[in-house]
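In what comes next, subunit A is part of two complexes: it sits with subunit B in the first one and with subunit C in the second one.
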Partner chain A sequence: MSTGPRVVGQRLPRLDAPGKVTGTAVYAADFALPGMLHGKVLRSREAHARLLGVDAARARTLPGVRAVITAADVPDVRYGGALKDETVFARDKVRYVGQPVAAVAATTREAAEAALAAIDVAYEPLPAVFDVEAALAPGAPLIHEAWPTYTAIPILHREGNVCNRARIVAGDVERGFVEADRVFEHRFRTGMVHQGYTEPRAAVAVWDTSGQVTVWSNTQLPFEIQNTLAEILALPPSKIRVIVPGIGGGFGGKLRVGVEHFAALLARRAGRPVKIVTTCEEELTAAYPRQSTRVELKTGVTRDGRITAKAGRIWFDTGAFAGSGPGVASVATLVLAGPYRIPNLLIEGYAVYTNKTNCGSFRAPSGPQANFAVESQMDMIADALGLDPLDFRLKNIVREGDEGPTGQVLTAVGLEECLRRAAAAIGWADRRPTADRGKGLACGWWTTTGGSSGVYVKLNPDGTVALNTGAAEIGTAALTGAAQVLAEDLGVDLADISVVSADTFATPFDFGAQGSRTAFAVGNACRAAAADLRRQLCALAAAQWGVAAETLTVRDKHVVGDGKRIALVELARLSQASGGGLIAHGTFIAPPTAYDAKRVEAHVYPAFHSPSFHAHAVDLSVDRETGEVTLHRYVVAQDVGFAMNPTYIEGQIEGGVAQGLGQALSEEIVYEGGRVLNPNLTDYKMPTTLDLPRVESILVEHPSPVGPYGAKGVGEPPNIEPPAAVANAVAAAVGVRVTTLPITAEKVALALSGEATP
Partner chain B sequence: MSRLALSLRINGETHEVLTAPHRTLLDVLRDDLGLTGTKENCLEAECGVCTVLLDGRAVNACILLAAQCRGRDIVTIEGLASGGELHPLQRAFVERGAVQCGYCIPGMILSAKAYLEECPEASEDGIREALAGNLCRCTGYQKITEAVATAARELYGGRTTQ
Partner chain C sequence: MSFECHEPSSVTDAVALGARFGEEGRFLAGGTDLIIQMRRGKVGPRHVMSLHRVSGLDRIEADGAVRLGALVTHRTIERCPAFQGPLQALVESAAVVGGHQIRNVATVGGNIVNASPAADVVPVLLALDATVTCLGPDGERTLTLDGFLTGPGQTARRPGELLTSVRFDQLPPGSATAFVKAGRRKAMEISVVCVAVRLTLDAAHARCQEARIALGAVAPTTLRARAAERALEGQPLTDEVLRRAGRLAAGECGPIDDVRASARYRRLLVETLVPRALRRSLERIGRAA
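Entry: the complex of A and B
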């Protein structure tokens, strides 16, 4: 008897929802230990200055203060990802307003704040650079004079304030421009934006007498934090336990060490547990926001609308440290090439140091910035050639078996279906239905990040199953998706699965909740573990019955075969009586994606694995007086491979679009002279219930050959296209083209009045 | 430092607390009483994660002094489910897929509860207006709005539109 899937593909409620709606779920910011102290970080008030002295003597004498640490008190270690350029505290100089200079732990938050105020720091200001142009100008001050001495992965191309230049070269771009009938050149800019998670970064650290530290943190990457803390504390990783109790949103902002190291260092000094929670001001001045960018695109096109060549450059203002910059600049080149067949390419991504906060990763890093440029230009070219923007895209998009920009062979390409369905749903045939109202389209592609995942799966005494994974549940329901895979393959219900996650001592390794990979990779590891557990269950039943295990199968909470059946609960009892219970181990590593290595230079991410394809369409109106945009409808058609749980995929799409619309219309961390002008949630304006339209999700399914049940990465893509879709719709509505993000009412109004946009 | 002796009525139960006068209701709930279902974020009444009900109205506990709550009725998220049964709002949030990271959810549910008690004939526009002070970064608010409409139908019947 063959039936369809019972658990995968179903709209089942997530496993952790009851705890979250009753307030019993514990997040890192909620976590507390007896005797716990409160930690605070003193941050630089100068953007670029020699650090003449840090005098903490007075702070140490204040009531309630239990520890004060400065650079003099911590190992002199440079750490980081692809490039190790960071220190715990500023040493010889400070490089941005907000850089940590000292930290304190005290019995109350008030006492800790008083201690910060009692630390005297002497600065000697230095010339500073606040944008990419200034950082790249001849004779610009170097942010890191000693950059050649830093440890970095060898492939990076670095020079002065450039901490990587990644490149794709394909065909002959100059010949491609000669073959073109028209060549279009445009420039774009995008602003710095914050992930906007509602739970601030938080950590609690405590040391035991054996010299082991345990850190409860809301990191997305507990194993990465374990290794980073090992570097910073100069300890083996086996002395560092990182546990993620719960995370109130991450979106890439909680990938790298945030306050964990301060908590650990202060707790060691004080001999007591220390908790640190960031403030809203720290979040908006000293976190890991999305880089601002400038982009130049030059595209050659034939009269009938075929793209012959594209030259593109994107510069990321990565701030005072590299952060994710070298990798983001690499990923950007694939986005800037776009999901189009273009025989001749020269695409460069630069990560550039400035005296601003260190930028990081934010949901689809580089995606919205590069896609905004690519997809705005596609419409600008279509308009100039008198082509319909949808037709122009359909002439150039990649299809099954085509090559990607670095030579990877593309499979499961659902892009045409996405474009056609999004366009149909928005009513594309009527693109300008009334005065000042217009519709815009944008499409793109993205990766399902690789990396390895391991899971243990244990049969509980009552016949239910425990899933033990090193991945953290950051809110996407990815671990519910993985549990659906496990339940499907073990013949049990989703409610029979309980999840234990994200403890570097107790759970198997996982590459982490990043890059749209968790349901994909943990789901695949669950498939492997389920196969192993089924073998063990059948072997145990076979031994009982004296039959060959190959004749038995696991179905509906039983092992069946040879005319007999035995329940999992009975097998659990037998296994505990005879062999220490049943436990299975499953692992997964995404197979490498082949690409043409000759086409890339200094490239950290040369191919998109199990790529997803998507198209967005928006219908909006523009107020000609105020420039204000009103969003009427928003449609997303996304190729998800296989919809593991449609409810939560819609949730990813609705939420990703909301974040993308914030970046499109209202959000920007505004700097002036190295200082953030809007470090609060009144002036950093994220969308509320009143700012967003209904989002209609169309789930397109072109299964990935290596995804669990065909699933592709889902979480990041919905964040990519909203800025471009909005820009194109504004142009359709009122005929003005805004080429910088965010597209504020002020910019639209100025453009409508014929003035240059600010 | 001087301390105030306060008697606070929270989720139907009276708590005696001794606290410095400058401390907020949020401080007392989370740090003194261990009621961490009320969340902490901006501390400037901008994000709404600390929303509680004060005499039935949704307020931000981060800017309310604990001393202002003497003799008033406070409801936190821990006070909603009764006898192991989820409140209809909680159940609708679970069943409609309205929960992602969940950090904003206690505040959302309490803002929704205050709104529905005032306007049982909820409309989508009314729900959106009632929740405009609660930021959510995961969901785009769509399934949250649907969940509140679903609960309104269950609680008050009839005509609520989505």
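Entry: the complex of A and C
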């Protein structure tokens, strides 16, 4: 065959670029249908209160109002992921400010808003808990009194306000501390942050006369939404069609049902299509942001810098419902162990209920919080031992064939190369080049999420190819990457591939755009489908020529062999004339990663599949008087396995770093007494271009034995290390160690002035 | 949100409409404060009077005293050649209002009448001893800017009065201005603290003849730090004198704790940024000499 890849691995422009650049691409928030109504959700004003009554009678009589629904009008079901603790509307009581209490649909948004204002809700306030400490205190009010009766996956360890405690136990941690020369204990905190997607959550729903509902939504997981809607609407999934027109960013915030169920319920009641788009305030008070955390780390080290034991605990404030909490608390234990050889471990992750919005998943869920603690502490220990932080890491990092924290055998471990190259690129030898300037390093590891993917691949009449996938293009160009794999394996050009995606009735199943898996899993499904289509093409040509199909190959848009060649366009014509055209099916499921089951408890995610490794380095200055941080350069060395399309991997790295720097320096949803103080983009501070440095990407390639052409998941990892890298660089620059996120100028300045411990 | 929109085409018409609607009406210049406040339900005017057809209020006159029409945009200030010298603080402040799109439409008049204690251009105008001119059915009134600003979102403007211009004198030789701002971001940022200063040195450049220090976001209104000013006037401006002015200014402001920053940090910023702005002014005078 050919001498090396022609399409995959090349810097080709993404397939969806023209539509997105020219503004013609349709996103869910653009979507409209004739006769469409506007839906709005009434949200609780109380953080924790008995719901005495919801009186919507007046709202129903207002002009333009076509439907008003409350808990009394919807099936009484509890839904959710690992733990089913959620209801469509608050029933017996409300559990956070922002919890849905009722919804209306009206002919205009203004009429819908007027109707919301006309619904009377009577509350009787209850004692509330607003942070993990309060929720865990003896005698704390229970957020869910009936928690033992809820349906949950059996492995969860639950107790009162704790909706899961995941654990890793390896070796003997107490013995490990005895073997250590020094034992270090530190505490950290991180703030709640929002994914900051450009497009708010949006859905349009319409019912047909057969009782089937179609929902256009910007969800990352159309098949999951189909199932959730089936639960909520008490209908079989075959009655529910979910289509993703386009997504203006998700980053994990659009995994779970957002407004789709309200749109569907209102549309059924009104008998007309209903559209709901969330407001900025709803996004910042009632979406699925990243959990705030508390972390405690205790690490034992020998004098020469070998880690002997680590005990770590991380508490996630998951809000009023479990949401992603039980899973995130599990994943966190692997991040908290870190990509280090540590013989003795006791790591726990807790998901804790509070009276705040339900947190969810955000690009590398748990990664930045846990990594901030781990990698800050690595530098603190190195400083205390008088070791260079790079050397200290190199002494302890995992290498090829090592065991991960739960006993998985690690292969394709590119961590040392990442660390050395990031350090070299930032000029590590000169770590404090001038006064108040410093450089910081942080490294980590992450998973390529599993789950299955199916694709259909169809030969078009002109010899081009349609790729039909259940995955949504979330903006990463993952489907362009998958299409590059397909083009490569079919001997066609990328421009010959067109993509149809994310329609639960028309496309095959896909586990969804989550967990850095789309290009990886859909790419592999494309490999399988391409092999199938090549077989079909060769069989068709072989039948024409009366030769054995095995002697033929597909190359340069032709089937060739036996001294002959026939173009795909000709084969397309033949197949349509005789056999209904050619269509191939390809599927993929990541093989399970073996681990030691004895080491884990209540763990939803015990091993990292095709793990990626990465190191970040930053060069910054601190204004000693104001505490302001100025970022000069940022370097990422990431082991991507194989770079399917370097341009878009760099895009993922730049975007992930920007988001991570936001969490590091400026972003935080601030609660006071159960209310968000900054529910707007005036005071929720995402970085601007002027706040960000140039991000330099170094793509390291230690091929995964499982990924397409060796690729590993790339989308989430760049978001993990920025907070730790920045904290370490600030410490290097001015000697102040900030152990809470965000590292605001205020914290740095007050610490420098000796006024406060950050 | 429901209101009637009016588009007067002259100052006279605007004033007449203003008089007619009084408290029920609001003028709309760039709309970058007003629209947001309406959307958040903070104000609910029955009548919105857009000033975009009113001509003659968007000019800068700088021969002799300087007059800025109320509709002069921040972009226009940023680019005004007359402000490149001693009046540079005007450029420095206008250049950090929001982003490009905001500066293209947002006006100096809006910045003043909105009366946010965190407004960026207002402290510079205060440091220039500016006066403002309002026009109402009873005629024209000129007030000091200091007297005009009475509280957060509150001014001495009478209901329906149109702000037409803001005026200040050219600076004597040996003068310079500077503006510095602190916030969580480097752009699109509401000041956590901002500081504007003006210095005039004596003929020998040995001592400070006149000083103005105005502070933003540390009191219910943009604030003159008078004690700090007094501590400079008549003194040779050594670094110790500048730092003392910073400490005095930090003492005389009255910041609050809010989601943007603590009062403690705001005071610390005042203490730091006042000498920093003064140093910058001194350098500018030195360079011009």
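As a convention for this text, the second predicted complex is superposed on the first by the 754 of 758 C-alpha atoms of A that agree within 3 Å, B and C clash if a C-alpha of one lies under 4 Å from a C-alpha of the other, contacts with A are read in each partner's own complex, and residues count from 1 in each chain.
As a convention for this text, contacts are C-beta pairs under 8 Å (C-beta built on N, C-alpha and C of every residue); 3 or more make two chains touch, one makes a residue touch a chain.
As the structure is a computational prediction, the values presented were derived from the model and not from experiment.
Once the complexes are laid over each other on subunit A, subunit B and subunit C both fit without any clash. Legend: residue contacts after superposition of the two complexes on their common chain; A:688 is shown touching both subunit B and subunit C. Of the two partner chains placed around the shared chain by superposition, neither subunit B nor subunit C is touched by A:551. When both complexes are overlaid on chain A, the residue A:647 reaches subunit B alone and has no touch with subunit C. Of the two partner chains placed around the shared chain by superposition, subunit C is the only one that A:753 touches, whereas subunit B remains out of contact.
Once the two complexes are laid on top of each other via chain A, the angle at subunit A between subunit B and subunit C, using C-alpha centres, comes to 40°, given in steps of 10.
By the touch criterion defined above, A:195 lies against subunit B but remains apart from subunit C after alignment on the C-alpha atoms of chain A.
Of the two partners subunit B and subunit C, it is B that touches the larger number of subunit A residues. Once both complexes are placed on a shared chain A, the shortest Cα to Cα gap between subunit B and subunit C comes to 5 Å.
In the superposition on the C-alpha atoms of chain A, the part of subunit A touched by subunit B in one complex and by subunit C in the other spans residues 680, 682, 687-690. The touching residues of subunit B, when paired with subunit A in their complex, are 30-31, 35-44, 46-47, 49, 76-78, 80-81, 86, 90, 93-95, 97, 99-106, 109, 127-129, 131-145. Residue ranges on subunit C touching subunit A, taken from their complex, read 1-2, 40, 99, 182, 184-190, 258-262, 264-265, 268-269, 272-273, 276. Put simply, subunit A touches subunit B in their complex at residues 11, 13-14, 16-27, 29-30, 32, 195-200, 246-251, 277, 279-280, 474-477, 647-648, 650-651, 654-659, 680-682, 686-690, 692, 694-695.
On the subunit A side of its complex with subunit C, the touching residues are 110, 625-626, 628, 665-666, 670, 677-678, 680, 682-683, 685, 687-691, 744-746, 749-750, 753, 755.
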